[in-house]
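So, here's a batch of structures to check.
Both complexes below contain chain A, partnered by chain B and then by chain C.
Let's look at the complex of A and B:
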């Protein structure tokens, strides 16, 4: 049995561990804490543009030849399998289908999957939607502007103000506190009643992403029943409740003993050995193949000081075009804060079998890499987020299980 | 706002000199207009060290500058007690060998003498006298200072939020009847056939109008040569560019004076919620609207601080910012020795009677400059009211409310209240009280800088705010460690609601704000800040 060590407990690492395990490997997964996966808005984005995920990913590969999708073009057919594995392992966290979702700024974004309570908030053709806000919570009262922007994009949207929070005594609630409140069925029903009272002129009411932490799908059902109209959630900004939900779902999945989860930091990674810093002290883990799923800057898989570094494998760092090692970071920053930017494409290159390439361009036989640590991926600019993490994690996990080479 | 038929005085420039002079003029009963092409404090007055110092470094060359600024520092404390905070400074002296040499001891003694000369002026500004510290005492106070020092000398200065100072002056001018036009640019002058300046042509929101005035004051700081050129006259500056760095937190309790590689003195000092490192001083004849910052300048500052405070390399710099000192042109001296003394130039001698330029000076002595300027302009108008700007408090400066009491009364956390009191003084009571009727105002908009919705709404409604960056200058929104990642979206929604912006306009506001934050982050982006920026990019990717 191949011993596979996964470094990183984000969506890429989780999927890699699951896939390796499914393929019969003995797995251990080390994570030192939540990365970018815990900050998501709730949608699983494969690539921009609607339509079937495989086609969207292929279109992205055509547009960006340095993107991981382009490197793994021949394997894109396995994307649905990867998403399905993620969904099954996190069940009942994710929906069966994707759709178009409303962002906190009132934009519309397509995604392959979403959290169930958000899937209920997907935009459906011909429906009138009402964007719900609350008088006494400024962060939740942007409803008019969201509706206005949606209307500008040709969606029949209006806004509706709910009195649910009016009776709540303590003020300045955070989104997490409100969500906790809505775990209580009676409170969910009260929210629903406030929707009924507001008489929204709509087929569907879009709430903020806050309808419960533990069982959002059930809380949402209670809300909709009491409201007498279908309800769903929008995507989230920060602080993000969907991020918390995903993290909890991942913690549950990672808790499976057959994945051998290890809380700690890999401080050294060599062929066959990993040194892990744990609360209980240092520990040596042995493996045949390791999967690098350590994320980008948020996760800590890539660092940028005076130059770009991949700290664990000491691998050369590239962007979508070429090598970044030895290039001054400041020259790789774009003029605009949010558009395409080489410094944020930084990562490790892989071959078609998910093996990272060393300084000579040769694949490292004992390593695989997946997720945001991959060169050429930059979620903010290319829109390939959790979907890319799941897909590349899946391939890396399977390839690792097949052994070195 | 519709302009009046004619004004006594038109002030060009909403920096500390422009707003300070407009306030003085308005308080003396002159019909006053102020035009500023961007926002108050968006030039040098928003990009300085934020210190009302008495100018010890001018003491050897120019004690008059030191004396004036110390006296005026005292007045500023009186009119804006809420805005000043004490910054004690430590000046450590390094030693080369295991024991201090005689020369090194003599140097320390020399420093002590200079600082004790400065002590003579400290009483003007409620400053504490200097003292001498042993190496051990120094490290006990500031453990970050390296051990191989002879000892240190202390001195005492005052910090200020320079943006708030300018805003307070502009609001006071308005309260005394001045018309304040922001985001309004002077594009030309109206002249009589004999060359007399009769007013200025102003462009605002793509519209042009004329502001007529009997006297026009060019107080456009580093832009003053350009504005003067619109009237065909010359103002000669030797502009000095200065770069500062803002850290994500306060890393010392005291300001630490360090010596840069070229022998110049630079500082790391606590300022509001963060520490600031400053500053460089280099000739800069480029465009004051777009001041580039290079990694070399950043490195220069780091090296200088590192020589005394080695752990600085581990600090996280959240942004760099640059300003141009409108220093008077004088031949032969190095940048630092150039006097910050000011000049009021009467352009009657250059064929443009009615036009004056006010250039130079320091933040710390803005008030006395404004007073002297207003004296001259009043005389030209044959008006002789007395100056009262050193007696009458700036808005909010009537007193500093007790933080604990306000917190209990209005049910806000004390920390939040203390920031609001710092920025608004006595007005904090009214700002926070509004939350009793509108509970949503209690929520936090910018956690880094503790800006509540109550404060932001107040600024939006009462403090001449048009853009998100204007709002930032009023209350430091988005100036903390996350540089707006947390609050920019919500703040844009709030601005949209208050100003009834369309979705397109809202998005544009957000984009401009983020771009402006980025321009300061970019020169220092590295390390942990890359993670922060990855988050910001993901959150705001709809607004590229």
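Let's look at the complex of A and C:
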């Protein structure tokens, strides 16, 4: 049985660990935290443009030849399997279907999956939408602008101002405090009643992504019942409550004993051997194949100081086009102050079996790489989102389980 | 060839560096750090050591995502530690209520650290800020810490 060590506890690491386990490997996963996976809007995007995920990913690969989808083009048919594994492992956190979702600023974005309470807010053909706002909260009062933008996209949208927060004595509640408030069924019903009082002329009311932390689908049901109209959530910006919900769902999935979760940080990684820094002290782990799912700048998989460094495998750092080693990060940022910047695409290159390439361009037999640590993907700009993390993690996990070489 | 003004400059500044400054150090009697404390501690400027700078590199990992705030409630919001108070000593006096609230609920920083996507050492930073605040208080009370 192949011993697989997964480095990183984000979506890429989770799917790699699950896929390796499913393929019969003995798995250990070392996680310092979820990295940028915790900064999500709540949707699992695959590629911009919408449509079936595989076709959308192919179109992105055609447009960006340096993108990981382009390097793994022959295996894009496995994308639905990766999404299915992610959805099953986080159940009941994610919806069964995707759709088009409203962003915090009134844009519309396609996604393959979404959190259940946000899937209820997906745009449906022929429906009228009312965007809910709260006049006494500085972060939740822009409903008119959101509705205007949606109307500009040809969606029948209006805004509705709710009095739910009027009785609150303190301004500036954090989104987490409001969500905690809505975990209380009585408070969820109060929010619903405030929607009923506002008499929205709509088939669906879009709320901010704040309807409860513990059981958002139940809280949303209570809100909808009291409101007398279907309700759903928009996608979230920072600070992101869906990020916190995803974190909790991932903690549950990563807590499975068959994954051998280890809380800590890998400080040294060599062929067959890893040194992990834990609160209780250092620990040595042995493995046959390791999966590098260590993220980019947030997760710490790529460091950007005087130069670009991949600290664990000592691998060369590239963007979608060429090598970045030895290039000054501040120079790259200065050269591209507004457009796409190579610094955001920094990462390691892989071959078609998810093996990272060393300085000579040869694949490293004992390593696989997945997620944001891959070169050519810009999480914020390319629209591949968590779908890319799930897909590359899935492939890396399966490849690792098959052994070295 | 050097011009007269350049020669005069070299003599003036070179003389200061090679003669005047060593004499000042020899006869002043007190190390520079003491004079720094005397002049700047009452304003909240505490000397920053190499160990402090290593710790602050941890604070600089903060991406302002505010996810750690899910662990607390105002005024005990963990994000205040790296975002506001670890950046300027002059803001330390304003940190007092938040630090006191966080000290009263140690589980908030512990949970905040667990939630942090980039691994900011919130507990170490908060302890460090309490220590710096104590130094500022001691200076304001008349004695060097």
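We adopt the following convention: the second predicted complex is superposed on the first by the 395 of 405 C-alpha atoms of A that agree within 3 Å, B and C clash if a C-alpha of one lies under 4 Å from a C-alpha of the other, contacts with A are read in each partner's own complex, and residues count from 1 in each chain.
Keep in mind that, in the parts below, a contact is a pair of C-beta atoms (placed from the backbone, for glycine too) under 8 Å apart; a residue touches a chain by one contact, two chains touch by 3 or more.
Computed from a predicted model, the values in this text were never measured in an experiment.
Once the complexes are laid over each other on chain A, chain B and chain C cannot both fit and instead clash.
Which of chain B and chain C touches more residues of chain A: that partner is B. Using the contact criterion defined above for the overlaid structures, shared-chain residue A:186 touches neither chain B nor chain C, since it reaches no partner.
In the superposition on chain A, contact of A:125 is made with neither chain B nor chain C. Of the two partner chains, chain B and chain C are each touched by A:238. By the touch criterion defined above, A:36 lies against chain B and chain C together after alignment on the C-alpha atoms of chain A.
Looking at the shared chain after the overlay, A:247 reaches chain C, while chain B stays out of its contact range. In the superposed pair of complexes, A:306 makes contact with chain B only, with no contact to chain C. Within the superposed three-chain model, A:298 lies in touch with chain B and with chain C [touch as defined at top]. Shared-chain residue A:176: touches chain C; no touch with chain B. With chain A as the common frame, the single stretch of chain B that clashes into chain C is 131-139; none of the other options in 23-31, 59-67, 77-85 or 131-139 do.
Residue overlap on chain A between the chain B contacts of one complex and the chain C contacts of the other covers 36, 39, 172, 238, 298, 300. Contact residues on chain B toward chain A in their complex (touch as defined above): 295, 435, 439-445, 453, 485-486, 489-490, 493-494, 496-497, 502-504, 506-507, 510, 514-515, 517-518, 521-523, 525-527, 530-531, 533-544. Across the complex, chain A meets chain B through its residues 36, 39, 103-107, 135-139, 141-142, 144-145, 148-149, 152, 171-172, 237-238, 296-298, 300, 303-306, 328-330, 333, 336-339, 341, 343-344, 378-381, 383, 385.
Across the complex, chain C meets chain A through its residues 63-67, 69-70, 73-74, 77, 114-119.
Interface of chain A with chain C (complex): residues 32-39, 170, 172-174, 176-177, 213, 238-241, 243-244, 247, 265, 298-300.
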